[in-house]
Structures are given as structure tokens and as C-alpha cells.
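You will see chain A twice below: alongside chain B first, and alongside chain C after that.
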Partner chain A sequence: MRYVKISPENTYEFLSRLKGMGTLYAPSKISEQFYDFQEVDDVKDVEFDYHRTIRPPRRFFYPVEETMFTFDTHKVELKEKLPRKERVILFGVHNCDIVALRIMDAEFLDEQPDPYYQIRRQNGIIIGLSCMPDEYCFCNVRRIEFVDAGFDLFFHELPDGFLVRVGTVTGHKLIDPNMDLFSEVSKKDVDNISEFERKKADAFKVKGNWDDLRYLLELRMDHPMYEREADKCLGCGNCTLTCPTCRCYDVKDKPSIDGRTGERIRFWDSCQFRTHGLVAGGHNFRETKQDRFYNRYQCKNAYCPETTTAYCVGCGRCTYFCPADIQFRSNLMEIGGYQEVKK
Partner chain B sequence: MSKEQEPSIYETHKCRLLRKYQLTDLESLFLFRFEDPGVAQDWRFMPGQFVEVSLLGLGEVPISICSSARRVGFFELCIRNAGRVTSAIHQLQPGSLVGIRGPYGNGFPMEQFHGRDLLCVAAGLGMAPLRSVFLYALDNRWLFGNITIINSAKFGNELLFQKELEAMKDIATAENISIVQTATRDPDFEGLHGRATVHMDKANVDPKNCAVAMCGPPAMYRGMFDYLVEKGYDPRYIFVTLERRMKCGVGKCGHCNIGTATSWKYACKDGPVFDYYAITSIPGLI
Partner chain C sequence: MVTLAECLGDCKPKIGVYALTSCYGCQLMLATVQKILDIAKNVSFESFYMLSSESRMPADVDIAFVEGSVSTEKDLEELMEIRKHSRIVVAMGACAVNGGVQSWSEGEKTCDELHKAVYGDEKIDMKPLQATPIDKHVEVDYYIHGCPPEEDELMYSISTFLFGTFPERVDYPVCAECRLKGNPCILIERGAPCLGPVTTAGCDARCISFDTPCVGCRGPVPFDTAWFDSLAMVFKKKGLSKDYVRDRMRIFGAHEDKLDEMLDKIYGGNE
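For the complex of A and B:
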């Protein structure tokens, strides 16, 4: 792998140059507590020290709502409305969200690729950014606190700039014409990076790995946690909308006023909604709130063979943004019998 | 062909409704033909697979194909008038056009069934996908041993394809086919009474060398599995088909997800046909 170094001032210059290559999105503080990926206007507004964005980066490749087809009801013809090939550059993506995008790839770019996602993803550039975990993070037990793939560039924080890992050919092409901004990595930089990783490892509230959680979830299906916690759940779907790997969608037809034409639209759905498993005749495959709550715990902890991780990447969003204060991590620890590290 | 022109996984074909035939109060049989000659020639399916039927402006519904896989360019769907889209399909007149996507799902592993007796057990709408299995066996009669079909419904007038199966009784004995039709809650029905399970002894098959295809409510599977294993049926050849909300058909939209953390499945892609071991080892499938 290729490693280069960049100073803080040059980072701003690099971001300015990236803006000229496509639409640049980066984390930005949008309220007292919340961050979100926003289109970068002034590069000085980019937030390098953020915990998590309210909306996960999947929305850049799989928007909240999109038109799949336009149709003509008289000819009974559907016309695919594919997205335009527009360059989107995401700067400041944390390791959890990078793995989350790889999980999205596993689902949407399998042997039957989704063309809408595929076109957007092919035109996306991912630039990672290192982070220090807060009390909600548990990516380490998901084995993804350090990523080897899924980014074009990855910025590791140094006391005096960033050490940049180049992950892909696209990454090289971003660096090469801008070598005036980058310098060689020194031995001290490497020591600083390993010190950063050591501090990061220490900062997590949980240690080890949760590989056996899948089995324990299945062996403890009747655990009282489900009933107790599902009772608190409001069924609002915030956990799934903020989740970087949730991908359920529903489809609706929107006919024009004269009924001759229309659009077939897909939009994010949530397994926490009553309608998710509802079929004609009123039968519901996940009838109760507890059924739906249980379903999410199984789905998020299932194994994704392509990333060899769980579908949950431990970003902490579902807990951080839960209006009912349901603690996903603690609930899983209860099932798995895991303990927090005593400081 | 450039990349842009490759058919999308959501590609919908235009199909014309040729005939509508009422089977019961709620269900009708619809015969469709592909409009595009190229598609008509190439389109194939396996028994147990399903299609997404599209009415533009209303939406899509997943429906099992219930016709013979041998018939090229045409297919039949048995559709219950149950919801928004299916009630509109029931109002279609012959000549109308609909959109069809698919076929989706794994279907029954028919080739594994070759050389064996065949037992089909259907309850209610379950007869729809099993008719395709049954017709496959008739179309390839020399590849199968004895065939038994057990068709059940709550009331006699709800038995799907009752007349068709009844008419077959003339040749059934000579062809080693047994047809058992039973109504579970209909004292007035002029035929057998009780659930499919109580008529299993009428199956004219060799349990040790028999493939079993079932489609019905999950409660039926539980009782049936115990019975079949006790009678010495080979679990490797016991298959059932499950119903879920298959919205996209290609394992993307997530609505048909089933299973647990160790075995997370999409009914539309990993199913809808599952074998005995999947059903008995993955909680939540039935």
C-alpha cells in the first residue's frame, strides 16, 4: 500500500481541489449535537472531529426515494429511469461506514446487481477518516475498527496533519496530480499512528469480539430482554433509518392526474413498521411490535459472508438516535453475557 | 451490446391475458402469453417459482406459476381476489396487458425427484404451485414412479382445480396416479372429509423412494413432518414452499426476510422452496 502525508493547511487545499472534480460531501455540524454529511461550500466548515452523522452515507448511492421507472398505462410499458453518472466524493467516512458500504455492495451488487445503486456507486469516491470512539461505539467487537478495503483514500489523524493510505487506483489518481500537497511519511508519523491506534483500542467500552453472538442470539431466543425492550419501543423506525446497513425498500406507483402515465418509486422502508410484513387479506408475518423488534436483532447480527462481519458495524447510531433510549449494545451484551471493561 | 443495454434485474415483460377461468368464489385461473416473440421463446421457469405481476399505476404482486413448465410462451397463474392489486387483476378482461417480471425463487429441485415416486400435499391455495409440480411429473411421466396428489381445502367449493383432478380419475389407475381430495370443515361435501394429514394413508407411494412436495399453512408442515419421518420417508426429499411478502423478488427489498442470525434468508431468493432440514433447523421459517 502507498502511504503519504499531508499537513492541515494542505488538506484544506486538497479538499478545495476535490470540489472541482465532483460534488464533495463531508461531515458538518448541523446542530448542537448532530452532524451530517453536507455538500461542502467552504472547506473550512468540514468537521474532522465528529462522532457520527445522523444520516448514514448509503443515501448517496441509495437515496431515500427515487423513481425507478416511468410508465405508460395505455401501452403498458415501463421505462427504466437510471441515475445520471455524476461524480460524488465523500470525505471523512469512518471505518464503520466504510464497512457498511461494503455490506451494501454485498447486497446490491451481488449476482443480480441493482442498476440504480451500481451506477451511483461506480461514480463514488470514498475518503476515510480515522476516529476516536465515544461511549456508543463498538466497532471493535465487530472486528472492523481498522479497514483494509472499501476506500480510495484513508486519512489517519497525526498531531501535525494526516497520514494518508491509498486504497485504490482511483486513490492514486487523486494523489498523483496533487503531489505538491503531499510529502513522505516519516518514522515519527508511523509511531504516531500506532500510538493513535493504541489509544483508540483503549477507548472502547467493550473488548474482544462478539463472533459467538449469532449463536447465542439463536440459543437464547426466549430471552426476557426482547419483551422488556420491545415494550419501550415506539416503532418509529429511527434505528433503521439511521442504520448504515439497513436497506429495506418499498415500491409504490404514482400515477399522473389523468392516469395515462406515472412513476414507479422506491423509498426506504423499515422493518419496525407494522406494514413491513403485511400482505393482502390482513395477514402479517411480523404481527407484534416484539416480532419486529426481534427481527431487527436477528437481521443486524446475521453474518455477511462478503465482509466476514455482522450486518451491524457497531456505529452506535441506533442507540444514539433512539427516542426511547433503547440501548442496542447493552441489550446484545445481555444476550451474549459480555461485560464492559472496568476503568 | 453495451453495458447500459443489459437487461435490468427489474425488467418487466408485456403479457396479454388470453383467458380467465373462475375456479372458486375467490380464485380464478389466468392464462397469459408474452407479447415479445423473443421473450416468449426464451422464457423458462421451474415448478415452485413465482412472477411479479404488474398493473401500472397500482403496483405489483408475487404469484406462483401454476402451469406446465413445458409450455413455451404461455403460463397460467391462479390468483385469489384478496387485495388491491389482485382485485384489479380479477377485473381484467381477456386481451388486457399486464407486466410480468421473473421467474423468481429457487423452485422445486425437480431433477432430484427423477426416478422417485411423487407425493404432493396441498392445502388451500397451496394447490397453485403444486399443480406445476404435478404437471411436470405428468409431462415427464417416465421419470417418475407412482404419483399421489392430496388436495385439501376448508370447504368443497374451495378446492382448487377440483374438476381438473376429478376428470383425471379416468386414467389415474392405469397411470398409477392417486388423487385424494378432501374438505376439512364441510359436512355437506360429497367426498372425503378431514385434513390432508388424516388421508396420508391413501398415498400410493413407497416412502423410502418418494419425493414429497408440500404447500399449505405452516401448521400443516409441523404435523406432516412428524408423520412423514415416522413412516420412513427420506427427509432429504421432503420440500415445502413458504409464503412471505416478496416485494422485489431479487433479494433486495428485505420484506420477505426470514430466519435467525445464523441463517438469515430471503424467501424470494433462497426460497420459496425449502427442504426438511432448513425448516427444522432454522427457527422462524414455519
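For the complex of A and C:
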């Protein structure tokens, strides 16, 4: 792997140059407590120190709603509406979200690739950014606090700039023509990175790994936590819509007023909604709110073979953005019998 | 599900747009959609007083869009006639679907008490009734939420009928749309009394996008999935009183059977 260093001023210059290559999105503060990936207008507005974005990065490759094709029933015609090949650059993606995108890849680019996702993903550039966990983070017990794949570049915070890891050929191509902005990595920089990672490891509220969790969840299916917590649940779907690895969608035909043409759209669905489990004949796989609540706990803790991790990446969004303040991590700890680290 | 499947082709479905007690905002919305001329080309408006003085009441129609709540004897009679002369009845807007703001006294004051408070002993030339949603009286085939419904919802409904299918009812809350839009959550951030989590989606979080908490004008999420109890739990923690929460939830949700039971569960019985 190749490593280079960049100063804070040069980072802004680098971002400006990235802007010239495509549409650049980066974390931006949108209110007192919230951040979101937004198109960068002024590179000085890029937020380097943020905890989590309200909307997950998957939306850049798998939009909230998209038209798959248009149809004409009189002509019996169908026109696929594939996305345009537009360069999208995501800067400031945390390790959890990078693994989350790999999980999305595992689902959308498997043996039967989804062309809509594939075209966007192939034209996407992912630039990672290191972070310090807050009290909602638990990516470490998901074994993903340090990523080794899934990014083109990864920026590690240094006291005087960033150490940049180059992850792909695309990453090299971003660095090579801009070598005037980068310098060599010194021994002190490497020591600083180690120090950063040590501090990061210390900052987590939980330690160890939760690989046994999915078995414990299966073994404790009738745990009283579900009933107690589902009672608080608003069924609003915020946990799944902000989740970086939720993939469920629904499709719907939107006819035009002429009665013969229209478009088929697909849009993000949520297992917290009643219709998610509703099938022909009016039967519902997950009839009650508790059924739906339970489903998310099982689904998020299932095993993704491609990343060898759980589908939950421990980003903390489902708790941070839950209007009912349901604590996903604490609830899992209750079932897994895990303890918080005493300080 | 009643559809117009056999109308596929060149026939023009007959449409009636009717108003009971309401502000006429829903039919104004329908009359002023951008594609109103395209609609008019593809359907035959048998009755739509806002658009044509040649309207009749009642008319034999394939689809009746009914706005307004049943608030007078005359409303009730008209509604019965509409149902008799229409293959499909669509409740259009908050009054028809949920009873509207005029239902605020439901279960609190009788119609006579209300009348006395407003008119004293004066007589009026109609017989008032306690305001109710239209499905308390007749079978309703489809529902379009909103005060008023959004343009794309009206277009979607009419288009699906013309296509030979039917409009799917929205059954998830404004809260979800708000998050997808990328709005910061004002309920989490500053404890705003936002009804987004229990209100039917479709407005693309219109008010919250302007930093105004949802007042629930689109009515509670249908199919018993409006969790007033869970939301009351949140509001209670944020220090909102039962009276305040109940009043707010009743502005557009006074006819929700489970509302009081759910609030009592969290706040206890009478305060």
C-alpha cells in the first residue's frame, strides 16, 4: 500500500481539485446536532470533525427513489432508464460507512448485478476519513474500526495534516497528478497514527467482539427486551432509513394521466412499516409492531459472508436518530450479556 | 378493490367532484393542478361545480371524489345520493377522511351544546350534525389524505383509475419522509411537539422542512399503526402535558378510537 502526507491547507486545495473532477459530497453541519453529506460548494465548509450523517452514503448509489423504466401498454414498449455515468466523489466517509458500502456491494453486485447500482458505484470515488468514537459508536465490536478495503483514499488525522492511505488504482490516479500537494510520510507521522488509533480504541464504551451475538439472539428469541422496547417504538422507520446497510426496497407503477403510459419506480422500504410483510391475500408476515421491531434486531445481526461481519456496522445512527430514544446497542448488550467498559 | 378495468381504451370515465362541509380547498387543489386540461381531456366531469356550471347533483359517475365532513342533515342526504350514483367513492382530504378540524369537539361537547355556544337560541335553516368522516356513513373505496392533498397524490389517484388499477393507501408516517429528505429532527433536537411520527405521509414533510412541527393535518397513519402511546411517552419525557398533547393530537385525529386509551396508558387517567 502507498502512503503519503498532506497538510491542512493542501487538503483544501486537493478538495478544490476534486471538485473539478465530478460532484463532490462531504459532511456538512446542517443543524445544532446533525450532519449530512452535501454537495460541496465552498471547500472551507467541509466538516472534518463529525460523528455521523443523518442520511447514509448508500443513497448516492442506491437513491431513495428512482425510475427503473417507462412503459407504454398500447405500443407494448418498455424503456429502461439507466443512470448516467456521472462521477460522484464522497469525501469524509468513516470506516463504518465504508464497510457498509461493501455490504451494499455484496447485495447489489453479486452474481446478478443490479445495473442501476452498478453504474453509479463504478463511477463513485470513496475517500475515507478517520474518526474518534462518541458514546453511540460500537464499530469496534463489529471488528471494523480499521478498514483495509472499500476506499480509494483514506485520510488519517495527524496533528499537522493527514496521512493518506491509497487503496485502489483510482486512488493512485487521484494522487499522481497532484503530487505537488503531497509529501512523504515521516516516522513521527506513523507514531502519531498509532497514537490516534490507541486513543480511538480507548474511547469506545464497549470492548471485545460480538461475533457470538447472532447466536445469542437466536437462543434468546423470547427475551423480554423485545416487548418492553417495541412498546416505545413509533414505527416511523427512522432506524432503517438512516441505516447504512438497509437494502429493502419496494416497486410501484406510476401511471400517467393518458391511461396507457407510465413509469416503474423503486424506493426505499422499511421493515418497520406494515406493508413490508404484507403479501397477496392480505396475509402479513410481521403483523404486529413487535414482530417488525424484532425483525430488525435479527436482520442487522445476521452474518454477511463477503465482509465476514454482521450487517450492523455499529455506526450508532439507529439510536442517535430514534425519536423514541430506543437504545439499540444497550438492548443488544442486554441480550448478549455484554458489559460497558468501566472507566 | 373496485377498478375501472373495463374502461381501458377509448371510453372516458365519468367523474364527480363533490363537497360536503369543508373549505373547498381540496377541490380547488384538484381544479388547479398543472395538468387539469390533460385530466379534462381524458375524463368526463359530470359534476364539478368549481369548474362547470353544467354540473349536476347527483350524477351517475364512475368515480366520486368527495371532500368535506358530514356536518349537516343535507350533507348526509347528499352523501347517500352520491354513494348510490357512484361506482367508486374516494374520500378526498382531511375532512372526508378524518372528519377535519370541525370534529374537534367529538366526544367532548354534543352538537346541541355547540350550537348553543355559537348561535344561542337563534335558529339556522339547516339541521346540524356532529362532524364525522364520510366512512362513518357510507362505504368508501379509497382515501386521499391531506389538508389539502398534494398535487402528485391527486394525479396519482386519477391516473391509476384511468390505467385500470387503484391508488395504494399510504401507511407510513411523515417522520419517514422527513428523514429521507435529510431534515434535522426537531423533535429530537429541541423537543418540538411534532406529530410526524403518527401522521400519514405524502406531503414530503412540508412543514418540518420549514422548521415547523407537524400538526398532523394528513390524519393519523391508517391501519392502527399510529402509535400515539409511544409518541406520548416521548412528549411526556420532554415535559409536555397530557392536555396539550391530547389537544394537539385531536386537531385532526378526534375520531381516532384508540387515542384516549393510548394517552391514558402513558399519562394515567383523567388529569
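Quick note on the criterion: the second predicted complex is superposed on the first by the 343 of 343 C-alpha atoms of A that agree within 3 Å, B and C clash if a C-alpha of one lies under 4 Å from a C-alpha of the other, contacts with A are read in each partner's own complex, and residues count from 1 in each chain.
FYI, a residue touches a chain if its C-beta (ideal position, glycine included) is under 8 Å from a C-beta of that chain, and two chains touch if they have at least 3 such contacts.
Note that the coordinates shown come from a computational prediction; the quantities given were computed from them, not determined experimentally.
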Joint occupancy of chain A by chain B and chain C, clash or fit: fit
Contacts of A:C233 with chain B and chain C, given as first, second, both or neither: second
Partner chain(s) touched by A:K252 [first = chain B, second = chain C, both, neither]: both
Partner chain in contact with A:S130 - chain B first, chain C second, else both or neither: neither
Partner touching more residues of chain A, whether chain B or chain C: B
Partner chain in contact with A:F71 - chain B first, chain C second, else both or neither: first
First (chain B), second (chain C), both or neither touched by A:A302: first
Inter-chain angle, chain B to chain C through the CA centre of chain A, in degrees rounded to a multiple of 10: 70
Chain B versus chain C as contact partner of A:G262, first or second or both or neither: both
Contacts of A:T319 with chain B and chain C, given as first, second, both or neither: neither
First (chain B), second (chain C), both or neither touched by A:K289: second
After fitting on chain A: smallest Cα gap, chain B-chain C, Å: 5
Overlap of chain C and chain B interfaces on chain A (superposed complexes): 252-253, 255, 259, 262
Of chain A, residues touching chain B in the complex: 68-69, 71-73, 76-78, 80, 82, 107-108, 110, 112-115, 213-215, 217-218, 221, 247-253, 255, 259, 262, 264, 266, 269, 271, 276-281, 285, 295, 297-299, 301-303, 310-311
Touching residues on chain A, where the partner in the complex is chain C: 30-34, 36, 54-55, 64, 231-238, 241-242, 252-260, 262, 268, 270, 273-275, 289, 321, 323-325
Chain C - residues contacting chain A, complex: 8, 35, 38-39, 42, 155-156, 158-160, 162-165, 168, 171-173, 175-176, 179-180, 182, 184-185, 187-190, 196-198, 221, 223, 225, 227, 229-231, 233-234, 237
List of chain B residues in touch with chain A within their complex: 4, 8-12, 14, 54, 56-61, 80, 82-86, 97-99, 243-245, 247-248, 250-255, 257, 259-262, 264, 283-284
